[in-house]
Amino acid sequence: MVVEKIAVIALYTTIAMFVGILFMGVGRKIVARVHNRVGPPVYQGFIDIAKLLTKKTNISHGWIYDLALLFSMTGIMLTILFLPIGGVKLLSMEGDAFLVLYLLAIPALGFALGAGASGNPNAAIGVMRALVMMLSYELPFVITLIALMIYYDTSSIAQIVEMQHAKWAIMIPPFVLAAAVADMALQGMLMEAPFDIPTAPHEIASGPMAEFGGKHLGALMIYKAGTIVAYTTLFVDLFLGGGVVMHDGSVLAYLANFAVWFILIFLVFTLSLLINTSFPRFRIEQAFKFYWKYEALLAFISLIWVYLMVIS
Amino acid sequence: MKALELIGKGEEMHGRAYIKSDKEEASSIIKKLKENGFDHFVMLSCVDWIDNNEFELVYHLWSYEHKEHVMVSIILPRDNPSMSSMHELFPQIETYEREIHEMYGVDFEGNNRLTPFMLEGWHDMPPMRKDFDSKKFAEDVFDSIPEIKEEEDEGI
Amino acid sequence: MGLFDGDIMKYEDWNKISRIASRKSLWMVHFCTGCGAIELPPVMTSRYDMERFGMGPMATPRQADVLLITGYLTVKTLKRVVNVYEQMQSPKYVISFGSCPINGGMYWDSYNTVKRLDRYLPVDVYVGGCMPRPEGVMNAFLELMKLIDEGKARGWEKYQKYYEQYKRNQKMAFNFEREKDEGA
Amino acid sequence: MLELIFAVLLIAAFATLFIKSGRIAAIISLIASAMPLIAVMDWANDFGIKAFSFGVENSMDFSIAGITMHLSITSFAWFFAVMVFSLLPPIFLFSYSFFEKNNGFFPFMLFLITAVFGILLASDFLTLFFFWELMAASSFILVYISRDKKAIMSYLAFSVLSAVLILVGIALLYSQSGTLIFSDIVLNADKVTVSAIILMVAGFAVKSALMPLHAWAPFVYSKADEPFVAFLSGGLSKVGYYGMFFMLFALPGAKILHQYFNSGVATYLLAVIGAISAFIGTLLAFMEDDLRKLLAYSSIAQLGYIAVGFGIGSSLAMAGALFQAFNHAFFKSVLFLAAGAVAYRTGKWKISELGGVGYKMPFTFMAALFAIFALAAIPITSGFAAKWLLYEAAVSNKYIFITPIMLIAGVGAFLYSFRILYGVFLGENRHDDIKEAPLPMIAGMFLLVLPLIIFLIFPGYMLDMMHSALVDAGIGTISHTNYVIRTGTASYNTLAVVIGMMVVMIPAFLIYVLRKQKKVDFKDNFLAGEPYEFYGYISMHAANNFYKPIEDVIMPYLRKGAISFYTALYNAMGRVSDASRKIYTGLSQDYTIYIIIFFFIIVGWLIW
């Protein structure tokens, strides 16, 4: 039984990473189509990563710089382990939403350490912006998370997914507002256009990644692909019922749930890309004020609304 | 022309006031012009008259009130020319002076930043002077650099 | 202990895979020196769209494979270009735009412009024209891809092989000292 | 047994008074400080099953000037003793090479230890207050060594404030329950009024730097010697929490407060104060440039978490609070010792001046790195388990105001932890001439990091240690095995996280091994082609004014912070005392009038 469980977990994690890399190519295709361009082939993500990993010479700024490579990939795959994907509870019975929130911080901090060790001033400014972005979008996201926890009276994502079988969370009135706020926070997490402040190529030479090349950049591309899957799956699990359509344990149910999950995260990713193509880049203070003033206010309203619903 | 009345001498050339003066008097003329309306310092240029062996420094000023352009020109001898710096009047003059010092070799007393400005690691004579043969210099420098010799075997 | 440095997978077919990968996704950093940089936006935008070949601009030389020299090079900028080229990670390629890097172009007699770029850097593809049109630039990219595919784009190996000669030439250009008597 | 420990400590203290060389004094104090730790360790097996009683056999009574003091160990005092005394040997090991000359650090540190030992063992309020004063005095002298006027004055003012609050509290308790012995007060706890509890809790809160009473912390932490500050922020603040724990739970103060206000508002207020101090502490922390002040504000923030746990009061929250206290004791002392080691080598405190120290001091950097991971509660360290328990408690009690603020303070911890790592240890290598810290210092730091690793995989051990403390104090415990903590709403399996990480590390390691790589110096960096040495010196260290963009957004709101409140108070007191000076005019007639007025007030009061 345990071996079968490990096999399922390994299968789903690798599938999730491949879906992530596929989405990078698809993302660039969608953005190109919006620009009325042909755009790269859909499998461009795989080629980029293959090219980076087969670079002949690689530079390193010391053992902490290599730590970034290990930390970022390990952290994001560990997060995917703890997220229910397509209704399949990988390890998410063992941990809960707070654990996932802090697991998402491991790659960010490891990445920041690597950038810091590279000694490039652009990298440090990029990391400063990334951490400030994290602080700013974390407030509204956390408030919506607590609203969900109070409503479903549990803090484990797997149970939240189970309780949404009958009705998706987004159908409950206060959670429509909460989903909108969480989607804008998702825009910040995926670092899409209005909030791609940390890795701004024009201002700070692509921020923290200024000194990353070759296999280090390849690992970071895999990390970026992982974040696309991890954040969108988190959003889908919390608000759109985790893509669970059929509940009996048959293979058909696995496939159906997986297909629905795939479609849902594709829609969420496309929505964030469309916002990406239509917005210039904010300054870091504007993003901070946007999240802490307007988003936090909306989130707090939905939190109080849920609180009143729960008490009555 | 307003400038000519102000200074009293000089004539009108192609619609611009052209005032000839010499080293000592130039700064007082420009100060006088600056006070009554000519507050925009356009540029400082240097002309190399190699035939009569002299440099001509021309200070261009413009006045938005009178819509007039005035040129104050100074003649300097060609061998070791020197002029007093006027960066107290207009701060940007210091940069023009640096450039002219580097390109023509005119020495400006009082300007303490006459360091190499655009040419990095330049040990030759100032290149904009007419007696500097740029084509010959180019051949000397760039043709003397040999081709990259590759061994014939193709096996890289 | 390079896992793929030939000890597990045969060197040739490993080279083949890395060549295919690097051909289909060429990332470029362009050193916008002369008047050629303005030729690149039309190549990136919707009419010609170089991204369909997987090419895209990158911010730092560490991340890039192709160095675009888009115009004339003075001795001062050549020092920076060499610095950027050495920070790139091989396999790396150089494309130079315009006639100035070929033979000095209209600055053939200037005291400051570098006449033949390939004495200082190994150049893989030259693009003629006093600033080539976007079709010329696209043609150069396709040419580079063909060279990579046939394994002929070995500028970076040439640089490593004849490193001393390149360095000697660069040093001669950077601090050239004519004897005083020749001058005026 | 207790007499022997007290004797050893006092003899060592007096001995080190006269020793000039720091080395010998350090060795003596190291041996002396190990004594209470050994005593505490061999009491461990007593508390497996022992019910909560004050009369445990190894108690001791001694009398000074006719007053008898009762000392005996209890289970929760034992937990705090383990936490506080396991800090000391590594700190003394660290200070073996930190102090060439014995500048009075060792004797008064030993007096401080006897005082803390006395407080934790006290079983009646008189002994507690006696040792509390001894602690205040010896720590004041340790602060005095730093010769910084502001630190000395603020520490003096606040320890006097806390002593007065506790003294009045004890007097009230004595007047209401007629006795000072803890066990008797617990018996007739219903007669204890609310004001006594509030005063005592406030008095203890001063020592653990809760928000309104925290003004002394930034000054004292940034001026006193590093080893003392490590113990002050790691150990002494926990003694303050021991007092609060005793007042709120052992002597069921929390129940009395609930009955009085017939709702949990009082303890909820304590939780809110804790959350606010965590939030504002973090905001102030990541804008600081002085490394020690930054650590001071981060200390206030982390201590705020414990106050939140005390405020909520459920078994989950209390387990989280005690676990957080344990973690905070260790990772905060490692951070202060690391700051001390860096200052020992470079002599600088400001983050903007430090830079690239980690390249030359790798072991200090590794210790600080692990401590910062514990501080930022990354799931691969034991810090996360503590904060997870607190979040679980807050969510299950549906506190919608505290939980977001706590979580944001947790995320804010990443900001100043990166500031320390980048500003001090990484970045441009500006300190090429320094050597690694001497061996005793590194040994001290790594000894302190050890518990954080042990409780990383097996938080269950920590919960077992607390088990008897929580049960005896009447708080009940939470279900847990060695590595899984199960609560009503969710469960957290540390083994799953660690094994998952190991398995997932393989592909990442594979990619790392894929190609050989060339080590490159930080000078070979992308500066848009500019060679590093070209202009003589391009400063590549972007650690000055690091979070300026948010500072401009946040600072206007924080302008009127607590410290400016105290300066206003300070000036107000100056004016009042100045006005009162005018009364002593030196004329005898005025004095007679004052006496007559005073006489009339007394008579009026009696008649009325």
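Observations, loosely collected:
We just call them A, B, C and D in the order they show up, numbering each chain from 1.
Going forward, a residue touches a chain if its C-beta (ideal position, glycine included) is under 8 Å from a C-beta of that chain, and two chains touch if they have at least 3 such contacts.
Every value quoted in this text rests on a predicted model; they were computed, and no experiment measured them.
The interface with the greater count of contacting C-beta pairs, when C-D is set against A-C, is A-C.
Think of the whole protein's Cα atoms as having one middle point; the chain whose own Cα middle lies nearest to it is A.
Centroid to centroid, with C-alpha atoms defining each point, subunit A and subunit B lie 60 Å apart. Work out the mean CA point of subunit B and of subunit D, and you get 69 Å between them. For the pair subunit A and subunit C, the distance between C-alpha centroids works out to 37 Å.
Multi-chain contact residues, meaning those touching two or more other chains, occur in subunit C at positions 4, 60, 62, 79. Residue positions 514-516, 524, 526, 528 of subunit D each touch two or more of the other chains. Multi-chain contact residues of subunit B, defined as those touching 2 or more other chains: none present. Chain pairs that touch one another are A-C, A-D, B-C, C-D.
Interface residues of subunit C, counted against subunit D in their complex, comprise 1-5, 31, 60-62, 79-81, 83-84, 87. Of all residues in subunit D, those touching subunit C in their complex are 510, 513-516, 524, 526, 528-531. Note for the complex: subunit D touches subunit A at residues 356, 358-359, 369, 373, 376-380, 384, 387-388, 391-392, 395, 398, 400, 403-404, 407-408, 410-412, 414-415, 417-418, 421-422, 426-429, 484, 489-493, 496-497, 500-501, 504-505, 507-509, 511-512, 514-520, 522, 524-526, 528, 540-543, 546-547, 549-550, 552-553. Interface residues of subunit A facing subunit D in the complex, by the touch rule stated above, are 13, 53, 55-62, 64, 66, 69-70, 73-74, 77-78, 81-82, 91, 93-96, 98-99, 101-103, 105-106, 108-109, 112-113, 116-122, 124-125, 127-128, 131-132, 134-135, 138-139, 142-143, 146, 149-150, 153-156, 159, 205, 210-211, 214-215, 218-219, 222, 283-285, 288-289, 303-304, 307, 310.
The residues of subunit B lying in touch with subunit C in their complex are 118-121, 123-125, 127, 129, 131-132, 134-135, 137-138, 140-150, 156.
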